[in-house]
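Note that the chains take the letters A, B, C, D, E and F in the order they are written out, and that residue 1 is the start of every chain.
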Amino acid sequence: MTEPLRLALSSKGAYEEATMRFLERAGLSVWRPNPRQYVGRISGLPNVEVLFQRTEDIVHKVVDGSADLGITGYDLVAEHGGDAPNLHVVIEDLGFRRCELVLAVPEGWLDITTVADLADLSVDLRRTGRTLRVATKFPNLTRDFLYRHGVNYFSLVDAHGALEAAPTLGYADIIADLSETGVTLRDNRLRVLDGGVILRAQACLIASRRTLRDQPAKLEAARTIIELSEARLRTRQFRLITANVQGESAEAVAQHVISQMETAGEQGPTIADIYPKHGTVDGGPRWFGVTIIVPAHLLLPAVDHLRRAGSSGITVTSPDYVFDACSPAYERLLRSLEECR
Amino acid sequence: MTEPLRLALSSKGAYEEATMRFLERAGLSVWRPNPRQYVGRISGLPNVEVLFQRTEDIVHKVVDGSADLGITGYDLVAEHGGDAPNLHVVIEDLGFRRCELVLAVPEGWLDITTVADLADLSVDLRRTGRTLRVATKFPNLTRDFLYRHGVNYFSLVDAHGALEAAPTLGYADIIADLSETGVTLRDNRLRVLDGGVILRAQACLIASRRTLRDQPAKLEAARTIIELSEARLRTRQFRLITANVQGESAEAVAQHVISQMETAGEQGPTIADIYPKHGTVDGGPRWFGVTIIVPAHLLLPAVDHLRRAGSSGITVTSPDYVFDACSPAYERLLRSLEECR
Amino acid sequence: MTEPLRLALSSKGAYEEATMRFLERAGLSVWRPNPRQYVGRISGLPNVEVLFQRTEDIVHKVVDGSADLGITGYDLVAEHGGDAPNLHVVIEDLGFRRCELVLAVPEGWLDITTVADLADLSVDLRRTGRTLRVATKFPNLTRDFLYRHGVNYFSLVDAHGALEAAPTLGYADIIADLSETGVTLRDNRLRVLDGGVILRAQACLIASRRTLRDQPAKLEAARTIIELSEARLRTRQFRLITANVQGESAEAVAQHVISQMETAGEQGPTIADIYPKHGTVDGGPRWFGVTIIVPAHLLLPAVDHLRRAGSSGITVTSPDYVFDACSPAYERLLRSLEECR
Amino acid sequence: MTEPLRLALSSKGAYEEATMRFLERAGLSVWRPNPRQYVGRISGLPNVEVLFQRTEDIVHKVVDGSADLGITGYDLVAEHGGDAPNLHVVIEDLGFRRCELVLAVPEGWLDITTVADLADLSVDLRRTGRTLRVATKFPNLTRDFLYRHGVNYFSLVDAHGALEAAPTLGYADIIADLSETGVTLRDNRLRVLDGGVILRAQACLIASRRTLRDQPAKLEAARTIIELSEARLRTRQFRLITANVQGESAEAVAQHVISQMETAGEQGPTIADIYPKHGTVDGGPRWFGVTIIVPAHLLLPAVDHLRRAGSSGITVTSPDYVFDACSPAYERLLRSLEECR
Amino acid sequence: MTEPLRLALSSKGAYEEATMRFLERAGLSVWRPNPRQYVGRISGLPNVEVLFQRTEDIVHKVVDGSADLGITGYDLVAEHGGDAPNLHVVIEDLGFRRCELVLAVPEGWLDITTVADLADLSVDLRRTGRTLRVATKFPNLTRDFLYRHGVNYFSLVDAHGALEAAPTLGYADIIADLSETGVTLRDNRLRVLDGGVILRAQACLIASRRTLRDQPAKLEAARTIIELSEARLRTRQFRLITANVQGESAEAVAQHVISQMETAGEQGPTIADIYPKHGTVDGGPRWFGVTIIVPAHLLLPAVDHLRRAGSSGITVTSPDYVFDACSPAYERLLRSLEECR
Amino acid sequence: MTEPLRLALSSKGAYEEATMRFLERAGLSVWRPNPRQYVGRISGLPNVEVLFQRTEDIVHKVVDGSADLGITGYDLVAEHGGDAPNLHVVIEDLGFRRCELVLAVPEGWLDITTVADLADLSVDLRRTGRTLRVATKFPNLTRDFLYRHGVNYFSLVDAHGALEAAPTLGYADIIADLSETGVTLRDNRLRVLDGGVILRAQACLIASRRTLRDQPAKLEAARTIIELSEARLRTRQFRLITANVQGESAEAVAQHVISQMETAGEQGPTIADIYPKHGTVDGGPRWFGVTIIVPAHLLLPAVDHLRRAGSSGITVTSPDYVFDACSPAYERLLRSLEECR
């Protein structure tokens, strides 16, 4: 029997819930016997084993190959896995748990509003023999960002515990920390600098290149998870419209639909005959069943356009999945595996 | 930059939840940073601002034009906005928070079972120098109703606090109050009079005529909210059926479907060819893909009718939206704006 | 006015919730005025009355005809209604509340791992004048199972209260009890025997033959509930795929789709013309709208097969219902009613 | 090692919580490893084992001696253990879970308001060949009560499930059921008859006479539980008052306190000298520390009486336990054990 | 039968809970049959009826005499009952639900930090023909405060709904609103002015002078509630210490205790003899039992002082009640009733 | 103004709650403005600042002196602070959050039941070129324990994430992990070795020697927290008994009480005169008020002994604090500070 694919998921709290909900919607129901057990299953995929891990540990698990796939925060991936050759980011944005890594200063620092101000301040401090202390749990990302923005004189404080309190407690001057809504920062009387967003992050799907490259059965299992996730995410962008449209002929109806290019479907409208229940008058207008797929944000313009042709019974559906001609995420993964051979 | 449309929603409790859920299903996700803030957004509609208000205050906000649209109880609209020229009811029934404004008397009043009995009682009381006291938070609706039903001698008590206790505590004889299930009335030993329903109410969508008339950008934003809400509500009444139907020709199949008029779709069935996987026998029956939209309560009759033609693989879908040839609610609003020019 | 159909549902806890959720999804919204009342309604079915009962009592209600339909555990049906002539199991597996009735021994009984070991033990005990005591709330099923597996010497203990504690407390040697995840058994230091699963059970729909046979109006109401439940359950097995497929002609496209038989739809693909928005080159490939219904577990193979023909815009939907050419569950019920005439 | 005393407690829901809270306050902390295990401990009493059982089963456990002590509803004890020779009620009222077993008729039976009316009705029914049907889970208590009150013609219905629905569903005419607040009865449109209270019940402590008689170690463990429970219950009736009281001498102060007999403490006031911090004037009044224990409902009269003597600094404490010269409950148990020798 | 005393309490949410908890601790257990009923009882006080009302309505109920006592926020009392002749504040601070009525300006108004700045601003605005708009639900208190602090030109906005949003939404410039922790203000980007606290408030006990004056039975019932509440509140300030203290004689021990005046008890220490278990040596030190009541914040100094005399076994108790020589709150009420004769 | 004492407490979950509850009972109410802020206060101690930290970080904070006192798990203290010269354990057992650090092996390892077996196994493994891998988050304690018990060949795995899954996932053979009830271990099919308890731990109070030594104001604040905590903990061991005892004279009563040495109070009984309310007969027995403090576990023997002398009205109280002649914990701290000068 072949070794199962190991998918590492967050084991606790809001992150676990959001991950479970996303996978459920993608048709991947995760089963965990009870909250004190750390190995689970996905219904219908017998060759997949789910490992419940702390969100912080998932990157390490994939980097060292003890998990084959993982869902975790992109912030942790960027910080801890940035240059790990075994790590490949399969889908960068799974659409949940968005947050930002930001640079924040005490509210009272009225003169420091931009990162450039911070650069100036660090120079001034250095002249007086002091160093700007920055508390963070993301030293790599923070260091890079500061250097890139001309802040050259600073020390990073390896903070234990709640970062937000560091300036108040006096063991750092400013912080670089994750923020979802900004409320916690404000509660601790901190303000985000203009231009101070170091990284925008969200949940992402990552893979171990080595183990997937070497074990085709694992790669096949990974493909199922990747394709379903990607096709599910794509549904947010499309709506499927079916309408009864009036016209002299199928071609005439098609002409009208196509005249508004961006809502004409991917290839054009699918058109079939309607057999009118009230009979037809010779030479009178006929009815056709038209099906198009349109970008979600153009739903109302598409409806309006159909109406102008004299439509009725316009129904709109959100598909469960929208697959493309190929799976871009899976293709990228294959290329990445090639490269590491 | 143009002023955003202001949509007033309930800020608390079960009403807030139900409103959010309705809008979510209509594709309008409301974002509120946290429960202590009173301004929110709708994802995808940058020109809309959500104001979280007490349910009681939303009518006033729309009446005085400080909100452009609002969702609140129809009971409050009827009581407080009845004759306000600026107020237009866009959609009267959003399908949630149904309740009734009823006239209720103490359980022990065995002889008073109808509103007519109440009229008699009020006359009797008057002869003895007393007045029937009615506690209510809806004085306008209650007064109108009582007069219309021949109760002419009464006084309305401007009740503070829990109305249901008023008869027990002795500061009113009967009450006119909202009731969802009747349980609270019974717990306080009150009984609804026969014919004592003053108003049936539910959540409704209201608009400020003046501000929408004067600001086309706001009217356009309002149209999005109205159309999506209305098209979502309409889905409750329809089901989309797709079936494989056997027949000699498309026309013959159409004939069968149409023979049961009320389940033949709006214009008639859309029919397309099926290319049989098991091959066809010359002159033998062929298969066609038939699509119809039917009233929800006729689902099983429609399925039965298709079966009689020898169907299989009958799938049924609930669309996310059903748009009509035009939007009745929006058309009514436009006419109403015309009139107030 | 005719007597309403009486549908008995579980009145408490997780069983009630799961039943409500199942029926809701089947389009049957149950309304219960409040948790202290025991009679409810189904919206849209005025001739159905819902009785809320203890899960244990539902079998008895249907057996004696005081309810016409009921949803309860198959374990209770098998134990208490096994040979009741009035009882008919309409749908055996509603897909929720799965559990197993198992035979479990103390963890410390290292030598007893199979049911055969148990048979040996019972013989040994009998030689020493003792009897193997089995605590259970399912005496009928347990007795049958033990006899069928060669365990002939035992006594059943009519257990009050928590069975799992019986071996620890000393009033039984082993138990036959329901288990969902095995966690409770392990917490009480019990182990399931190999081959010790007496019954696999889940929620099921049962009917009273006599009352349905005698009252056609009830039977008609029952049909609605049965058909909707069954058609809802069947959706789990199917997905509806719509794709834009490239090809020289509709026949050529059909040929490609049919070449992979198991994903070619029930009868074959429905194909309609797409009117290309970018125009066509003479003799160049054309596009067709293809619709097929495929088994859920073959979704990705079907997508892959379509891709090989050069498809794009492949959308996948889960229908709300999938009806068959007839309703097997309802047909079985009719035959069963025939037999009891 | 001796066998531990077995104390059976309710294993679920509100009854478990209330029992735990009562024992906790009596200094008997029950430890249950987790809600899926059925054997627990009491901290500090190594020779006691707690069995968690369904409330309904506890009477049976004590009647058959498989538990030595139990806490359960007095209603269940009266119904199921009434004449069991092994059962002894140690403390009849533990002060929680009070309820009444009542006889209730449909609200619409306007002419039946007393039990005597019911007797008449049963005679009338009998003349017409019908029998009054009474649904109940307490057949013994109900039968006795009805006979004692002259209702001689009736049949008891062995009800499955929710009794309150029985009259509505038509399988009984009236019910005899437990009621805590009357709300459930009213929700099901039932009314309690005047004089229709069959039993007033609450949680009680029961014992198995045989096992306690035969095993002195168990009896000793039982004594601890009984004494602490009883001494805890008694605290509700007493308050301990300490005051600084002015007077010429201890005797004079005592005289004043004693002059209001019912608040003078059990034996009289305990009086000790106060050494005044502001010095004393010769022949001037002196201060004494007075301690008395008074009935809880006479607290304010006692305070007033002390004030009249010129008291200050009157502090009031609720003791954790109040022990009497002997333990009445334990003495009764001993006599009961004697009798069963 | 005499009319019961009517005590109005908050009927909802956190205010209800806090009120119930306070009364429970004062020995006044309130019983409310269920959350949908509005009349309750106090166990042990049959002549008291509890009315559950909205917190906002309680002041009105007491002002117009339809309730005799009430517990509500002092902010509401000050605003609505300030000059009502029938209203008497019995206990101003019940120790829960503390909050402040504050004047807050937008965070961005950097130049306006004090109330004096606000006065200047209002003058400036007036010159330009504008008026400072202040949104508040406390117009009386706010108007008085502004006038007293030299702000003479302003208009009060009668705000519907959430005040905090008023400056953002543009219908007021600043607000005067209640704040518990300041968090809601900050979330809405408002800042409290220096010196901008209009009122410090908390729950208080109020009485109707007229009804208590005219009905002695009500006054007696009110006394029970007042005395128990007041004596309960006083316990927070005292601790009762009992110690074994070494010394040559009771007088010597007293001398030591008294030498630290503020921890010597109200009148001085109560001293009683200890009969030593290890015997005594002639002329050696003896032991005495000393009892004192000390201010809560001087507990450790008192313990230290006792230790210096060679104490051991120092136990500290919090009494349930501390009564004074008379009840100040009740005396004040009596005088207030006198005045209104 | 002097620097405040910094007390570090756990900022999250069950540990925070238990800590808050303990301190509350010790009279130290902690106030945290909201769960997103990390600095709090203790009511009544203005010179104390509370820092909310992750439980894991508190040891580090105290070790490096950035907190002066901290409450955290003794397991973390032993592992991370074992040899830190600045760390002093003030109270080792605060009575909550008890757990054990244990060595656990897979359930299937039937031959390995003791730590000695493990030593043998590690030798065997070594012969075959393998190493016993032990996953733990407590490397220091585990290494010491294994060496002390003769296990010399092993490697420690620096585990990320849930340890309990390590043997199942294959990256360790056994684990050393914290366990509260053993349930999580069993759910992951692990078994604790006999003799495999490495450490018994619970919450403890720790101090920074340096900062307390150098800042007398901090030391004084620390004393308040230490004394109140210790005196609160001591109450669990004592009960205060007050009884009315009959006897010829105070000496005779004392003699009886003292005759049972271990329940005679610390120094002996405090005895005061009772002035009998029913009068006395010359030469007849008199009554005395006796107060003793007894060990909690001897409560019933003490009550029995008093009863034998003819007592009544025996009341028992649990004090809020029991202070000793000096504070052992504070004395130890002072000595420890001395040593580090």
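The rule is short, and it goes like this: a contact is a pair of C-beta atoms (placed from the backbone, for glycine too) under 8 Å apart; a residue touches a chain by one contact, two chains touch by 3 or more.
Quick caveat: nothing in here was measured; it's all calculated off a predicted structure.
With steps allowed only between chains in touch, the distance from subunit A over to subunit E comes to 1. Chains touching both subunit D and subunit E: B, F. At the interface between subunit E and subunit F, two copies of one sequence, fewer than half of the residue numbers in use are shared by both copies.
To overlay subunit C on subunit E by their CA atoms, one rotates by 180 degrees, a value rounded to a multiple of 5. Of the chain pairs listed in C-F, E-F or A-E, the one whose interface repeats that of D-E (more than half of its contact pairs identical by residue number) is E-F.
Most remote chain with respect to subunit B, judged by CA-atom centres, is F.
Chain centres here are Cα means. That of subunit A falls 61 Å from that of subunit D. Note on chain placement: the centre of subunit C and the centre of subunit D lie 47 Å apart, centres being C-alpha means.
The set of subunit A residues that touch two or more partner chains comprises 33-34, 183, 187, 272, 289, 317. All chain pairs that touch, listed by label, are A-B, A-C, A-E, A-F, B-C, B-D, B-E, C-D, C-F, D-E, D-F, E-F.
Of all residues in subunit D, only 33-34, 44, 223-224, 227-228, 231, 238, 240, 250-251, 254-255, 257-258, 261, 264-272, 291, 293, 317, 319-326 touch subunit F in the complex they form.
Chain contact summary for the complex, subunit B toward subunit C: residues 181, 183, 239, 242, 244, 272-278, 287-289, 297, 300, 303, 307, 310-318. Chain contact summary for the complex, subunit D toward subunit C: residues 11, 33-34, 36-39, 51-54, 56-57, 60-61, 66, 160-162, 164-165, 168-169, 171, 183-184, 187-188.
Of all the residues in subunit A, the ones that touch subunit E in their complex are 183, 186-187.
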